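Below, chain A partners chain B and then partners chain C, in two separate complexes.
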Partner chain A sequence: MSYMKIDGVRKSFGRYEALRGVDIDIAKREFVVLLGPSGCGKSTLLRMIAGLEEIDSGDLIIDGQRMNDVKSANRGISMVFQSYALYPHKTVRQNMEFGLKVAGLKKPERDVKIAEAARILQLVPLLDRLPRDLSGGQRQRVAIGRAIVREPKVFLFDEPLSNLDAALRMQMRVELARLHRELRATMVYVTHDQVEAMTLADRIVVMRDGLIEQTGSPLEIYRRPVNAFVAGFIGSPTMNLLEARVTAVSGRTVRVDAMGLTTEAEVEGPPPPVGARVTLGIRPEHLDGRTDAGHGPALDIIACERLGGVSHAFTRLSDGTELTVQFDGEQSIAPGDTITCAVQPGRAHLFSAETGLRL
Partner chain B sequence: MSRRFAISRTPGTSLHGWLWVAPTLVFLVVFVYGPALANVRYSLFSFSAMSTSMEFVGLANYARLLDDPIFLQGLANNALYALISVIFQVGVALTLAAVLEARIFPSFAANTFRSALFLPSILPVVVVGLIWQLLLAPAMGLVDQVLWEVGLGDWSRAWLGDPDTALLTVIMVSQWQWTGYIMALFMVAIRAIPRDLYEAMELEGASGPRIFWNLTVPGARETILIVTIITILGSLKVFDIVWVMTAGGPNHSSEVLGTLMYRAAFRDDVIGYSSTIATVIFFIALTIGVVQIKLQKDR
Partner chain C sequence: MADTALTSDQSLPGSRFQAGEVLNRIVLWAVFLTLSVICVYPMIWLFLNAFKSTNELFSASWALPETWRWENFSTAWGYGISRYLLNSVIVTVATVAIVLTLSSMAAYALVVMKFPAKVAIYMAILGGMILPPEVSLFPLFKVMAATDLYNTYFALILPNAAFHLPFTTFLIRAYMVGIPPDLREAALVEGASEGLIWRDIYLPLCRPILASAGLIAAMGVWNEFIFALTFVESDSVKTVTIGVTSFAVALRADYGIMMAGLALSILPILATFLILQRQFIGGLTRGAVK
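On to the complex of A and B.
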């Protein structure tokens, strides 16, 4: 049962079409992440849900009520901004209290709500501080606290972690996931960081150029991207997308070759004919790299990323095609080395070379 | 850090620094601080601009000043000038700026309104004074004619010739000229307040006035403080518009310290007394300046 429905929503700024017809159904208590590169329209969509941008056409329905013409404050939403948007001259307590005051709540009620939010977010010792006296993570928690106290129907997050350093971002991701479980709230979260999307979302909506490319659970999108764009956008390091040629077809099993890298993949639709050009997608973690010869095509390592548990080798095939291969962190590899690799069985993805759609 | 250390510790570098500021320093000493100090000294003498002799009278000029009802009237007029100016050039200008920045009006209307309000500030004060003299002329002036046309003929009067209205009229003309200018300054200050904060308040359901008091005013606090000080100082030093429109009359009703000082120096030829008025203005302005610096440091 849809709790929030975005139906055929469009938005233009002058001649530029930021959103070109977006449909999303969001269930109650679902954590939906809008993911996409800069300029894909995800923040515009979030601002339209918030009522900060007008909806040119289409419908926004929250809890059964059409919200297109309802004022922001009456939509039952709270938003956490990328910049935190804390009122700089108000203390943490006053920041959280402001919306409640506007809503006409009496002081005892306000105090109860603030105390509860402060407890959940561990803000109790900070209540009388000004935002300038807080760290980035603390400010973020205050911004979330300000959203929580209003007990909205839907929480909106606009890239809330992008101003934090890597360690804090990871910590806040865990906090947000815990918060979602604890509050059992409906959340819509915008990010361009696919790690955030994968770790937080119940469902990811991948967007590009004002359109939805794919909607699904994180693992569904990771395991079965509907096109080469989604395949390349989800996963870190990004999926290797190679030009390949079909060498054999047997039922729905298609054998392809990309500069000596051969593999088989199952296709869902009609298989391409032998000799057809396709795009072969293989994630770095699905390539078995070896330092000995004869295991597959030769690859020259041009750079290495050692992350401890795993290492990423950025390599080049003889025709100049670049390929990223993941190794165990213990494996000894270095730029200048030559390696070979093979695709793990059943891990390859095939996309149309013309349309980019999954075959 | 090491650079600062080098500058403060090396005599040669220090001298070099002094040489850079010397031209400005010399200019200030010769044309600002020197004359200001000389003025304080002149206030202790009685003398004429036509004579080379100066008679030391100590604080007699100051005693005379305190007994001078016209000086006290001028001082009160300056205070009223400052009060009304602060109301308009801080209160009204800030409100107008907030309204225009709130994107209530279409951008064309807002731009037109802003330009119309700003325009008077680019006119010379003398021109403004003369224009308004014509507009306010009894019976013939546009203001009176409009009043008659709209059935408010009873309100018609010699705005600049009536002691009850002369000062207020001059003050209002001054507000007409400068409110739009100050409004433009406030618009810049408001634009510096992050848009997200306004959106956050909007999402929380705050009304326009609530947003104004809870965000715009604290956000533009620094500019409000500076503009208030500038407005008070300007009101204290006001001379030109009053001189052009009423010359302090009728019957000293619109007299301000500036016109009093000018008249004492260039009509009555009592330079010592005029310097005393100038010294009083100087010290009041200095006190306000110190308060401003203190308030800014406290922030």
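On to the complex of A and C.
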């Protein structure tokens, strides 16, 4: 049962098509993340949902009502901006109060709602401060508080964490997840950060160039990316995408070779013929790296990233192809070392070399 | 001397920097001092001579007064300058209020709203800055006569407001461009109308520029002469710029009292300026909100 429906939505700025037909169904209480590289049209879509940008064609339906021509204020949405957009001359309390005043709520009602939001977001001691006297994280919470007090049907977030430092971002991510559980609200969240998407979303919508590439739960998208673009966008470090050649086919099982790295993968569609070129996708965490020879092709380590629990080795095959391999943090590796690696069985993805689509 | 300075400079770059700095300071101070003397001296001269008798004024116009004749001011006040001052205050305050309201509305629309021919409209508004008031004197006079506005406060307020609108709009627009558009969008999502956003968000954020632009307009209107000379005739509506001239005629030769009257005539606007000067400079130099 869809609560919010985006149906064939398009948008052009002059001759530039920012959105080229987008369909999304969002269930009540769902946390949907629009994920994609910068410029793919995420913000534009969000602003169209908010009513800040006109919808050229297609329908926007929220809770059974077509919203295309409904004023922003009457759509039952709240939006949190990347810049927070706090009114600089108003205190935290006044910032949260503004929308309630506009909606015509009486003072006692407003106070109750503000107190509740302030409690949830730990803003109580800050209520009489001006935004300029707050830290980045506090401003962020005020912006969320301002969205909460209006009790909207749908929350919209446009890259709300991108102005925070890494530690704070992690903390706010957890807080947003908690908030979603606590408010049981429908949320649409825009980001270009796949970690945010993976950790927050019930469902991720991966976008590119004004089109949806894939929609699915974080794990679905991680496990079964529909094309090489999605495969490369989800996961950190990014998936290795190698040129490979089909060496054997039996039923749906295809054997491929990429510069000595060999593996087998099941394909869903008709298998490619022997000798065909394909793109082999393997996540760094699905490569077994060894420091002794004989497990596969030799790889020269050019750089290492030690995260403690795991290490990432950025390596090069003999033909210069780059390959990232994840190691256990205990393993001692260093730039200049030569390693070998093998693909964990059943973990390879095959994509068409021409279209990038999953085979 | 110059040589040693030069050689020591090379070994000690810090000292050359200092010497340059000092020279810089001296030049700056000299320039500023000259400028302020040129600007401020006539004012000081006026205020000093306002305390003198006519004889003293002519015999020692540069000296301090022998006795401080405060009574010059009360005499001047008694000659009707109080009424002129009141008229000036009314005309100035009303004009500035109208100008700031309309200009900030126009600027808001020009900055945030989408409508056809926006650039052309803005250009037309700016074009108003080029038009000298004198050329419109005759047509305006005809309009005043035809509409019974002649010899009322409106005869001064309306044309003054009209001629200050373009520049004020220009100033406020430039300031509003620096206000993040997100603020308006956030308010729109919260249900605010454009009018409310203008009043409750843009105006408070524009306070520095409103103070500056208001002051510029106020000084212009206070010292305005041609409209005041042409569009009103009764003492009950005459502003102080015209008032002091008729006052000079009435006093004929009592220059001390005349100086006191002149001093009184500039005092209100001078005081306003001194009180607001901080905001004034702030509005013209500071960018909008961070």
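Keep this in mind: the second predicted complex is superposed on the first by the 359 of 359 C-alpha atoms of A that agree within 3 Å, B and C clash if a C-alpha of one lies under 4 Å from a C-alpha of the other, contacts with A are read in each partner's own complex, and residues count from 1 in each chain.
In the analysis below, a residue touches a chain if its C-beta (ideal position, glycine included) is under 8 Å from a C-beta of that chain, and two chains touch if they have at least 3 such contacts.
Fair warning: this is a prediction, and the values are worked out from it, not measured in the lab.
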Legend entry - Overlay on chain A: chain C relative to chain B, clash or fit: clash
Legend entry - Touching partner for A:Ile77 - first (chain B), second (chain C), both, neither: both
Inset, instruction - Return first, second, both or neither, reflecting whether A:Val112 touches chain B, chain C, both chains, or no partner chain. - result: neither
Inset, instruction - Check whether A:Gly99 is in contact with chain B, with chain C, with both or with neither, and answer first, second, both or neither. - result: both
Legend entry - Which of chain B and chain C A:Ala50 touches, first, second, both or neither: both
Inset, instruction - Please write out, lowest number first, the residues of chain A touched by both chain B and chain C across the two complexes. - result: 50-52, 72-74, 77-79, 81, 83, 85, 87-89, 98-99, 102-103, 146, 150
Legend entry - Touch list for chain A against partner chain B, complex: 50-52, 71-74, 77-79, 81-83, 85, 87-90, 98-99, 102-103, 146, 150
Inset, instruction - Flag every residue of chain B that touches chain A in the complex, lowest number first. - result: 194, 196-197, 199-207, 210, 214-215, 218-219, 221
Legend entry - chain C residues within the chain A interface of the complex: 180, 182-183, 185-192, 196, 200-201, 204-205, 289-290
Legend entry - chain A - residues contacting chain C, complex: 50-52, 72-74, 77-79, 81, 83, 85, 87-89, 98-99, 102-103, 132, 146, 150
